[in-house]
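What follows is chain A paired twice: with chain B in the first complex and chain C in the second.
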Partner chain A sequence: MTPSWADLGSGALRAALPLALWGLAAAAYAAQRREGRALASARWTAVAALALVVTASLSMVAALLSHDFSVRYVALNNALETPGYFSAISLWAALEGSILLWTTVLAGAVTYVAWRGTRELPRLATTALAILFAMLAFFLALMVTPAADPFVRIDPAPLNGRGPNPLLQDHWLMGLHPPLLYLGYVLFSIPFAYALASLILGEAGDRWIVATRRSALVAWALLGVGIVAGAWWSYAVLGWGGYWAWDPVENAAVMPWLAATAYVHSVMVEEKRRMLRTWNLSLVIGAFALTILGTFLTRSGVVNSVHSFTQSAIGPLLLGYLAAILVFSVGLLLWRASRLADSGPVGAPLSREAIFLFQNVLFVAATLTVLLGTLYPLLVEAVSGDQVSIGSPYFDRVAVPLGLALLFLMGIGPQLPWHGASRATLERQLVTPALAAAGAAVLSVALGVRGAWAVLAYALAAFVVATVVQELVRGVRARRALHGEPPGAAFVNLFRRSGRRYGGYVVHVGIAVIAVAIAASQAQSVQAEATLAPGGSMEVAGRTIAFEGLRDVIEPQRRQVVADLRITDSSGEAPLTAALRYYPNATAAIGSPGIRSSAGDDVYVILAAYDGRSRAWATFQVRVLPLVSWLWVGGAIVGLGAVLAALPSARRRERPLAVTVPASSAAGAK
Partner chain B sequence: MSPRLALIAGALAVLAALVVAAAPRAESQEQRIERIAAELRCPVCQGLSVADSPSDTAREMRALIAQRVAEGRSDGEIRDEFRRAYGDWVLLSPPLLDARGAVWLVPLAVVLAGLAVVASRLGRAPPLTAPSPDQVALLRARAAEDEEPL
Partner chain C sequence: MSVARPAGYAGGAGERRLLMLTALAVAIGIGYFAFQELGPSAVYYLTPTEAKERQIAPGTTVRLGGQVEPGLTYDEATRDLRFIITDGVTRVFVLGRGAPPALLREGAGAVVEGVFLNDGTFRASQVIAKHDEVYAPPSPGVTPPHRTP
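Coming up: the complex of A and B.
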């Protein structure tokens, strides 16, 4: 047999495993003995391991693109008819490929820490490097066992493959959403490894937090943007008119994000006040453990989900990995507990510290709610054998009050200085945001919005945005007073010099936009259903949707029944299509909704049923979802804010004066 | 107007808007069907409700709900009919007053316990004290050790 891409990939993985183990040993020795040559060896080992894992990933992509069905993964997830783009991204269409992608990102993280981290904090980072090498070795070991070997061969090779899961070859977003989530998941390994290294070395300080601030923020942002991209994919592909179903896999992604959101805020308390050491370590351990739990839940088949595309023997291995991580981390935490204890109160009741603590309580409650809701059916079944469901009605009822309380804190927090403020100061700061909230509430009621939750969401979103605007205005004024800069330059410099603070505010605006989009699209949506004959039409929320007819479209990889529609609204007339797609490897048709998006609302048309014999009629479900496209815009704003917050600040080149005077207290003192 | 008065006025305006928005409205029959369907699980889907699912089964279940609503059945009667047919599994959220209602208490318990812990940790911070010379020396020594290249 001639050598193939799969042989190359398989060989690369098998060569990378001993390298990861060598890297682990070298880094551990280097950290323990302060041995420079061992560190140099670990560094080059990281580069070699990364090169091998990247080779393996690219080999898989090449095997997919060349339709090498002698590889089981390719035979199960690719077909001759699969278009090139979807062949390439089938790297993450199923379990083995996803683990390969995960391992590739992890090898990148190892290399980053080996070369960058160890220059800044040699001992801490080298210890963290050993931990990261251990994780890399685990995932490489998974892939050389039959449980998750991506390059297992089948002989004889089938003439054609089964093709990717239809849901995965239906939308370009599939090329974006899973890698973003994996990047987010895996980059959390860096703060986690530094946290453990800090515990192992018995450090009492916050150096691990400062050193991993950027990677934690980037991981948080990628996970957040990945979740929004997933919601968008769900909206555009799953064809049910929604974007969030509290599916176990959605929950698996949102849990670490919630824990990490608590973390990126509460570390600021430790940096400023040297408090909450045990708590921050617990949060980063929890967030990391939740990324592994999420992978376990989605990949083991223990929960039913649209996303659990494969089931395999990998479940027990991942569970063992999770248990080992928890035992090791919690053991370290208990061992070092005496060095980490706080002394005295964390802060005054009216201080930023206090708001961060309340925020942490709500985020932890949200995380535990999602965790419990996801696992509850399993628990009940294990105890009593009964089957129960926990779905959106439960999660919505708990998440809405928690989310609104968090919006409120988001508006208050930035107004309060560290160490506390007087009540009079706080009152003065809150006047403008409170009036903005009142304006938004009254306006939305006047415009006919009904439902207290929706009105409260608009009011609180206005509250948050007004807070941010007020802070920006104050910051610009302070810079003009201190440095005499023109307003434009002062505005840009706010972000350049204090990117963390103002980038964070941009994130807050993004979250407020998302809150408005969710409230509007959930509470103000309109729906209708009609069965139409060609030439017939229906009216929904002031729009006319005319049905022109059905046609069959035959493509190499699928067959489609497409309904041609014409939608007329105040802005004119436009064609729209909704389709049902039939894939040879799927029993049920995949709906492809017709979506007409605008800033005000989306018209979402689902082809629900049609006359299979004579094409004489079709049934359409139409939903009009106000402001739903702002959800994606909000996600982009969150990503932008996180980039601004993670960019290196230019403050070192500036006189220290502006750094020591926070903008809010500078303005408040006038 | 003093800041405090402005804040009170703003809060009252929000409250008034909420009261108006929350005023009970007559529910149309479609809205009632939708509300009942949203609480029921579509048996052939992955975790979607009967209201959300575009599947044939869900459409038939919605039609049955519409029929029962037209017959004048109560919400509870309709839910129980589905519960008898499919088991507790068909309910997307467990009833609060049920053996399994405990799932509702957890978020509340976590929030209350968390607030209690936070309340116990808040207070006037003691004035910042300068680190003792010993502590400074220890930190310096450790920093010097770390900054040395390996």
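Coming up: the complex of A and C.
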């Protein structure tokens, strides 16, 4: 038999497992004995393991591109007709490939910590490295057992494969959304490993937070942008006119993001005020555990039914991994509890740290309510055997008030100083934003917005944006007065010198934009349905949609029925198509909606049904969704803000390293 | 810069406790609210036989899963959609509104969400594809037909 890509990949994975175990031992020894040679060995082991895992991933991509159906994964997720792009990204079309990708990213994180981290904080990072090697070993072990071996062969090889899940070969965004989520998930293991290392070494300080600030922020941003990309994909592919359904798969991604959002804020309280130590450790453990829970929920099949859980070998293994992580982390936390007492006093109720506290309570509450709604059907089924689903109404009713309360805190928090605010400060900081909020409320009512939630959302979004604008104006003025810089240079320097702060503000603007887009597209959408004969037309929200006819498009991998439409609005006339796509491996058609996007609104046309015999009629569902495209723009703004916040500051931040520095001196850094 | 806390804003033990208690109260309030919302939002997924045995009250939202019997009709003028869903034992007459979704086919699995009317008819507010149908692999050696709805 001639050697194949799959043999190479399979061999690489099997060689990487002992390396990961060796790395674990070498890093643990190096941390314990402060042994330079052991650390060097761990470092090179990380590089070798990364090279092997990357080889395995590329082998899988090569096997997919060359349609090697003797590999079971390829046979199940690829077909001769699958286009090259979708063949390559089928690396994450199913369980085994996803775990391979996950492991590759994890190996990258291991290598990063081995070379970068250990240089800055040798003992802490080397301990963290041992933990990361242990995680890497777990995932490699999964892949060399039949549970998730991506390179299992079948003999004889079928002549053609089944092809990827149709939903995954329908839109280019599939190449972006899952890797972003995986990167976000996996990068969280860096702060988590440092947190555990800090507990193991009995450090009481915030060194682990400072050292992992950037990776936590990047992980958070990737997860957030990945979620928005997923919403966009859902909007463009699933063809139901929405972008968020509170599906368990979506919840699995949003829960760690919510916990991580609490974390990236609460660490600032610890850095500035030496407070919330146990809380921060718990949050990072919780956020990391939720990434594993998310993978478990989406990958074990447990979401569909508790009974499908035992059908896959991967489910119990992931659950065991999750349990081991929780037991180990919580055990460490309890063991070290006595060293984690807060040294800083809490501020007044109207101080920045108090707002952070409430923000954290709300984010954790949001995480737990989503968790409750996601797991409730499983609990009911386990107890009574009944199949229950928790639909959007529950999540919407809980999420909307929580989201608006968070929007309010997002506006007010950055305006309050640490320790506490005087009345004069409050007035100086909040009068303009409050006026902006009132103005937005009046304006939206005048423009015909009905519904208290929507008006409140617009007002609070205006409040947030106004606080940011106010901060920027003041910052620019201060730089002009102090350094005599022209306005443009002063603006750029604000971001260069205090990227964390102003990048954070940009993130806040992005969230406000997302809030407006959600409120507008949910509260003010218009819906219509009509059955038209070719030549007929319908009117929706001031637009005419004319149906020109149906045509069949035969492609190698699928067949399409395409409806040609012409849409006329105040800006002119444009062609639009809505289609139903039939894939050989799916019994149901996949809708491909026609979307005409503009800054003001999207016209979203679904081909709901058509006359299968004579093509004499077709039924269209049309939704007009105001401002929905700002949701994706908001996601991009959030990503941009996170990049600005994560970039190294031009001014070297002077930070006290020892834990004995009194709390008050850190506040001077503001 | 002076780093002393402004007078009157020092967080004493009492103030700290007040803040923590407020936070706790907020958390408990949200938890209670969430639990309250959970019950009414739970939609039971039943087979027609189970629905009959449990005597689901008219007006309670449930999901029924089963097979669509041959004889599905859609009236373009009234936009009434009528079909029968069955689990092989019990048949339920389903009344929907609007064109049938492209994935709804006779003989295929379907899930309908809605309420029973007083006469035992099921008024569907939503007709959903059965999820596992989408992923069903074709039987070996059989080319799946390109069927139109």
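FYI, the second predicted complex is superposed on the first by the 642 of 670 C-alpha atoms of A that agree within 3 Å, B and C clash if a C-alpha of one lies under 4 Å from a C-alpha of the other, contacts with A are read in each partner's own complex, and residues count from 1 in each chain.
One rule holds for everything that comes next: contacts are C-beta pairs under 8 Å (C-beta built on N, C-alpha and C of every residue); 3 or more make two chains touch, one makes a residue touch a chain.
Bear in mind that the values here come from a model prediction, so they are computed numbers and not experimental data.
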{"item": "Fit-or-clash call for chain B and chain C when the two complexes are aligned on chain A", "value": "clash"}
{"item": "Which of chain B and chain C A:348 touches, first, second, both or neither", "value": "both"}
{"item": "Partner chain(s) touched by A:245 [first = chain B, second = chain C, both, neither]", "value": "first"}
{"item": "Contacts of A:438 with chain B and chain C, given as first, second, both or neither", "value": "first"}
{"item": "First, second, both or neither for A:112, with chain B first and chain C second", "value": "neither"}
{"item": "Contacts of A:427 with chain B and chain C, given as first, second, both or neither", "value": "first"}
{"item": "Contacts of A:491 with chain B and chain C, given as first, second, both or neither", "value": "neither"}
{"item": "Chain B versus chain C as contact partner of A:328, first or second or both or neither", "value": "neither"}
{"item": "First, second, both or neither for A:22, with chain B first and chain C second", "value": "neither"}
{"item": "Partner chain(s) touched by A:531 [first = chain B, second = chain C, both, neither]", "value": "second"}
{"item": "Per-residue touch tally on chain A - higher for chain B or for chain C", "value": "B"}
{"item": "Clash with chain C, by chain B stretch, listed 3-11, 21-29, 111-119 or 129-137", "value": "111-119"}
{"item": "Overlapping contact positions on chain A, where the chain C interface meets the chain B interface", "value": "304, 345-349, 354, 357-358, 361-362, 364-365, 368-369, 372-373, 376, 380, 386-391, 393-394, 397-398, 402, 419-420, 591, 608-609, 621"}
{"item": "Residue ranges of chain B in contact with chain A within the complex", "value": "3-4, 6-7, 9-11, 13-14, 16-18, 20-23, 25, 34, 38-39, 41, 46-49, 52-54, 56, 59, 87-94, 100, 103-104, 106-107, 110-111, 114-115, 117-118, 121-126, 145-150"}
{"item": "Contact footprint of chain A on chain C as seen in their complex", "value": "1, 3-6, 8-12, 15-16, 18-20, 22-23, 26-27, 30-31, 33-35, 37-38, 40-46, 63, 74, 76, 79, 98-103, 108, 129, 131-138, 143-144, 146-149"}
{"item": "Complex interface listing, chain A residues touching chain B", "value": "30-31, 34-36, 38-39, 118, 121-124, 126, 239-242, 245-248, 304-306, 342, 344-349, 354, 357-358, 360-362, 364-366, 368-369, 372-373, 376, 380, 386-394, 397-398, 402, 419-420, 424, 427-428, 430-431, 434-435, 437-438, 441-442, 444-445, 449-452, 454-456, 459, 527, 591, 606, 608-609, 621"}
{"item": "Contact set on chain A toward chain C in their complex", "value": "162, 165-167, 304, 345-349, 351, 354, 357-358, 361-362, 364-365, 368-369, 372-373, 376-377, 380, 386-391, 393-394, 397-398, 402, 419-422, 529, 531, 559, 561, 580, 582, 584-589, 591, 607-610, 612, 617, 619, 621, 664-665, 667-668"}
